[in-house]
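Going in written order, the chains are labelled A, B, C, D, E and F, and every chain counts its residues from 1.
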Amino acid sequence: MSQQKPVEYVSAAPEVKAVFDDIKATRGVPDVNNFWKYIAQHPPTLERTWGSLKDIMADGALDPLVKELIYVAVSVTNNCGYCVASHTAGARRAGMTDEMFGELLAVVGMANETNRLAVGYRVPIDPAFE
Amino acid sequence: MSQQKPVEYVSAAPEVKAVFDDIKATRGVPDVNNFWKYIAQHPPTLERTWGSLKDIMADGALDPLVKELIYVAVSVTNNCGYCVASHTAGARRAGMTDEMFGELLAVVGMANETNRLAVGYRVPIDPAFE
Amino acid sequence: MSQQKPVEYVSAAPEVKAVFDDIKATRGVPDVNNFWKYIAQHPPTLERTWGSLKDIMADGALDPLVKELIYVAVSVTNNCGYCVASHTAGARRAGMTDEMFGELLAVVGMANETNRLAVGYRVPIDPAFE
Amino acid sequence: MSQQKPVEYVSAAPEVKAVFDDIKATRGVPDVNNFWKYIAQHPPTLERTWGSLKDIMADGALDPLVKELIYVAVSVTNNCGYCVASHTAGARRAGMTDEMFGELLAVVGMANETNRLAVGYRVPIDPAFE
Amino acid sequence: MSQQKPVEYVSAAPEVKAVFDDIKATRGVPDVNNFWKYIAQHPPTLERTWGSLKDIMADGALDPLVKELIYVAVSVTNNCGYCVASHTAGARRAGMTDEMFGELLAVVGMANETNRLAVGYRVPIDPAFE
Amino acid sequence: MSQQKPVEYVSAAPEVKAVFDDIKATRGVPDVNNFWKYIAQHPPTLERTWGSLKDIMADGALDPLVKELIYVAVSVTNNCGYCVASHTAGARRAGMTDEMFGELLAVVGMANETNRLAVGYRVPIDPAFE
């Protein structure tokens, strides 16, 4: 019933192939991962998503490792299994050590806890933070 | 009807005062912010939360600025108004510039978008990520 | 621009009045709270929601206080300000003490933390839990 | 340890059978899907949920296809695997094309992104929207 | 402490003015709403977000009203106050009636309920949905 | 690529063994479940999490069964598969019957529904709840 299927390079339309080629060249990988193959079912989403991601994750005021750590933090908070797996791998490629990973998850867990304490106790924002 | 009220230093029990004193000394601030005053209504929560937070946010494999950025990422994803305000302020104190803040939110927004694309397209995890 | 407005008893349609009357009689209160006045803009939603809530929150295998604690736990996790305020008040009416409230939020906070640790570490379900 | 088991028609209590029969007749299907078999473990939940769903998803000011698209949007945002699978199938039965599905997920992804930008930048509500 | 401030047209940089002009022309409005003024603090986010939104919300296989309804559904599920206010207004401009709005929220509420029933009962995906 | 692996007792460091021993003794079980084995990859997280959980889940103003019900409510709302499985098992060990479980999920589902109705209708907090 479900019609979601990955788009493989050999049978892809030219505009999809072009995006796949750019992903492979930018990342220096032989093939794109499943995320790209699945969203390629809707080429405008593929093109826009890759274009945005390439810009956003590039080295800037924050370095790529920090950006991947933030990506993992969001993905864990949203409980997205695919995203946790792929961005944890991405963070390791960018230099994340076991110790960094342990600290990352500790911060993510703590933030999720204190977020709820702030909501449950209905804490008003301090004037200094406005 | 609501009975949540901040606990002020002058009227606090000794074990609450001790935690407030440690927060002020650790952070070099003249008073604790509302979060601590509200959760002080339940002293075991105050003590445990401060103890955990102090350990987790200390300098380690990840530096304090990176930890605050991660905290903001989680708080934005959870839509916790108090937490976004207080940890954005905390990140700025730790050195976050306007440009870093702009990139942080760009990554958080993008991660929230691609998390849903991965879920909606039901993307299976690549063997390389297992 | 927004057209959400509370429906007050005096100007309500008969089927809305009937629900308001039942809420007031069931709870022994002189007026319904804002939640009911706002969803009364769509009478089928008012009728269905009150009918379901009345059944679900009635004394059963779980007593009304425990049900209100669970309601607060969900509302805090979802960060719904109105719901936290109204169900905290409801839990207090049902007998929640300050100490119970403190323990409730401690459990909610901890559950939100360990939920993310389980996701971040990608913990597989133990055979004993299947 | 887990005791969740599907309730099959042949061994179901009469009030469960009656709901199953109504689902099958309403939808023109030979059997109910797993969702109904599992919640049938608590007959009041089965009866109330089917009663509400049947009313809410009926043709009205919004047609059934639009309602299924909204259902998918919520399920993707909540990351509910079962719900994404079943309501994507439901939307296709109601007429959703591949192109509609691609646009649906694009909107869902974008909304999740801009929701976080609005929260992160702490955007105040415009007077025109109040 | 917080440094988030809206960027007003008169004092905006040329690339920001260009985006504001395009928003105003596309929507036929005299000024952009707060969302755009706040994210304009980071011009690359403004440009990318507007570019994506303009593409995604355009008339396509789904019409603009349906897209706005989906946007409201996601924003309500995420509990984003600003987004609920602005996209409810947007949906009304696109033709949403009171009755449509009532049905929209009924579906959103129901989907959020059944999403949790599916998770709580740990319902396995039917083979027909794979 | 992923390096998450469970830490087994025989090969664990002394401080990890000490925590595992305390979990086993406190719960009267022959082995710890996967959650503890996975977070043991970061010993400070293991020690802190167990210390907090042991305190929070102990008998107090709320009894252990009620605390487990709250834990399940949060885990279902967050859609954490591991946590739903492990805490449903925990609640059953603490005395949860099938009927209690049915009522628990009914409340959790309803709370998730009304949370969104309150947000969608933008219901202002009643003065009585402030």
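In this section, a contact is a pair of C-beta atoms (placed from the backbone, for glycine too) under 8 Å apart; a residue touches a chain by one contact, two chains touch by 3 or more.
The structure presented is a predicted model; accordingly, all values stated were derived computationally and were not measured.
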> What is the set of chains touching both subunit B and subunit E?
Replying inline: A, C, D, F
>> Just to confirm, which listed pair, B-D, B-E or C-F, duplicates the contacts seen in C-E for more than half of them?
In response: B-E
> Is the contact between copies subunit B and subunit D built from the same residues on both sides or from different ones, judged by whether over half of the numbers are shared?
Replying inline: same
>> Roughly how far is subunit A from subunit C, centre to centre by C-alpha average, rounded to an integer in Å?
In response: 34
>> Between subunit C and subunit D, what distance separates the C-alpha centroids? Give it in angstrom.
In response: 21
>> Between subunit A and subunit D, what distance separates the C-alpha centroids? Give it in angstrom.
In response: 27
> Where does subunit B touch two or more other chains at once, residue-wise?
Replying inline: 1-2, 41, 44-45, 48-49, 52, 56, 77-81, 85, 88-89, 99, 102-106, 108-110, 112-115, 117, 119, 121-122, 128-130
> If each chain is a node and each touching pair an edge, is that a line, ring, star, complete or other?
Replying inline: complete
> Which bits of subunit B are touching subunit F when the two form their complex?
Replying inline: 1-2, 44, 48, 52, 55-56, 128-130
> How about subunit A: which of its residues touch subunit D in the complex?
Replying inline: 1-3, 41-42, 44-45, 48-49, 78-80
>> Residue numbers of subunit B touching subunit D in their complex, please.
In response: 72, 76-77, 79, 81, 84-85, 104-105, 108-110, 112-117, 119-122
>> Help me check something: in the complex, which residues belonging to subunit B touch subunit A?
In response: 2, 4, 33-35, 38-39, 41, 45, 49, 52-53, 56-57, 60-62, 66-67, 69-71, 73-75, 77-78, 80-83, 85-89, 97, 99-100, 102-104, 106-108, 110-115, 117-119, 121-126, 128-130
>> Quick check: in the complex, which residue numbers of subunit C touch subunit B?
In response: 79, 85, 88-89, 92, 98-99, 101-103, 105-106, 109
